Amino acid sequence: MSTAVVVGNPKPGSRTLAAALHVGRELSGAEPELVVDLATLGPALLDWSSAEVADLVERVGSADLVVVATPTYKGTYTGLLKLFLDRFAAGTGLRGVAIPVMLGASEAHALAPELSLRPVLAELGATVPGRGLFVIDTDHENPAAYADWLDATRPVVTTLLTARGVAV
Amino acid sequence: MSTAVVVGNPKPGSRTLAAALHVGRELSGAEPELVVDLATLGPALLDWSSAEVADLVERVGSADLVVVATPTYKGTYTGLLKLFLDRFAAGTGLRGVAIPVMLGASEAHALAPELSLRPVLAELGATVPGRGLFVIDTDHENPAAYADWLDATRPVVTTLLTARGVAV
Amino acid sequence: MSTAVVVGNPKPGSRTLAAALHVGRELSGAEPELVVDLATLGPALLDWSSAEVADLVERVGSADLVVVATPTYKGTYTGLLKLFLDRFAAGTGLRGVAIPVMLGASEAHALAPELSLRPVLAELGATVPGRGLFVIDTDHENPAAYADWLDATRPVVTTLLTARGVAV
Amino acid sequence: MSTAVVVGNPKPGSRTLAAALHVGRELSGAEPELVVDLATLGPALLDWSSAEVADLVERVGSADLVVVATPTYKGTYTGLLKLFLDRFAAGTGLRGVAIPVMLGASEAHALAPELSLRPVLAELGATVPGRGLFVIDTDHENPAAYADWLDATRPVVTTLLTARGVAV
């Protein structure tokens, strides 16, 4: 099985990255093969002819499991994340199972994973079987912040990945 | 396998019902065991102590597959449908796979299944693996209006239902 | 100036009603002329030929200021409220200034007034100039829960009402 | 009165720009003082210490009227636009009246201005009194594509701008 993690925090090595890696490991049982920390890409993200970005789009698109994580900016995902997602083809860009993850300073934006990030991933063709995950950013290292969501989401994700013919 | 169809059109025997039955048959391969045409329930829907409604909530909640269909009123699902969905427990009310279906007069409200109906079903605990379906109401008897969506959605639904231990 | 308050709580005389009355008084400087506590209407709400409901729709639709308040059920407005709003004509049903108000048990649904209730009021033709208000239900009698929002919203509402030729 | 136009199309000189200029002129009666065609900014947009971007944020934030226009990518605004909007302070970043405008290839995404772009502008503190405008991109030079919306929106915008003490 291949797992990719995509992180839309403008700061490299962020808490968002840590949260995404945790979710990826918990759902796949292994380290992700591909980690795209968008903050490290720089101006290539604005260059629609960049081969580097095109290659990442292809690899993320073909992953069996993709964790897409972002901090909450202005009540929704960051522009940095959307800049990358805009490169994927509608309907066929994401061909695996996708997991929306958002971190935020308070519960006030807890609806954002379902109401804003998930619809974008679905538009790209991803199978998004579970609810989006919202984590208070100061809780990002606390396993309890993920536990209930993992209990609800893991069985469905495992079933779908197994059906794709990949070992979980 | 048990399949339920819930229809939120204020007119009984509506095109919405026909569309929901078509989707249910196509995804399950059989007639649904339970059809809840909400227009036929009457004032019991406003009575929070109604045993009839409580029984329907329980039966729909335990179905393996639930097709939830509504016309588009004011850009979203009908109040009639939401009145029924308000009776389900958050997180545990819908324990199977749910399929959001909306009919509308034009494409202008095509985002509504993903942005408004799906989040409610997810809030009730349902597994909503595919994209919501939007059908132009005058096309509701045209199999072509469902074909692409069925091709994309059926494999995921079948996988999840099989994993629930039910034959499809 | 005419002010109407519409309350979508299934319980009559609710905290939602109290919050809506507070908002209406603060924005208009007077008691509302019309209070529609939907819980008291009963089965007429399900009867599309009800003259009583049609009369309320007409009176609410022509009010200069309408406060539309609902508890948060399943992450959004109640079915009871939507049942009433479904009776208004798209584009022309609400001809005044509308104020979306939602009460909820926690901040987790704080995006709902903007992302779910406001779009419905806009679809009905209302001018919805300010942000939707979200109030934690246990704070509903605390003026501080409304103060910042009132400071931001009152000037715009007053300007629009004055332009309608009504004294504020 | 000062009017700003912000355009989030990755191609400079786009149809989105033409549509935004048309809306700006129609609502203000004059050419906009400031046109921010984000495609021309380049990597400065990714540099959170850019003085050029900070200056644009300040000037757009203090404009009396801001038209914010974007093509529809993946069912919502572009990442390029959000990248710029992420630089504005929540609650106080936009201190004038804002107008959401989206262009799209078909009616299928017509709900996006209300359900995705408007909430971001409201989060930044803007007064967003009218409905978001959705224009089919091939109609962008056709005045009829704007007429009804302008008839509905212009009076409210004029009232609010006049109240800000600016001549319209």
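Each chain carries a letter (A, B, C and D) given by its place in the written order, and its residues are counted from 1.
Just so it is clear, a residue touches a chain if its C-beta (ideal position, glycine included) is under 8 Å from a C-beta of that chain, and two chains touch if they have at least 3 such contacts.
Here the structure is a predicted model, which means the values were calculated and not measured.
With centres defined by CA atoms alone, the chain at the far end from subunit A is C. In this assembly, the C-alpha centroid of subunit A lies 37 Å from the C-alpha centroid of subunit C. In whole angstrom, the spacing between the mean C-alpha positions of subunit A and subunit B is 28.
Annotation for subunit A: residues touching 2 or more other chains are 75, 111, 114-115, 119, 123. Taken as a graph of touching chains, this assembly is complete, with every chain in contact with every other.
Residue ranges on subunit B touching subunit A, taken from their complex, read 111, 114-115, 118-119, 122-123, 125, 127-131, 152, 155-156, 159-160, 163. If you check the complex, the residues on subunit A that touch subunit C are 75, 106-112, 114-115. Within the complex formed with subunit A, the residues of subunit D that make contact are 10, 42-43, 45-46, 48, 73-86, 88, 90, 116, 119-120, 123-124.
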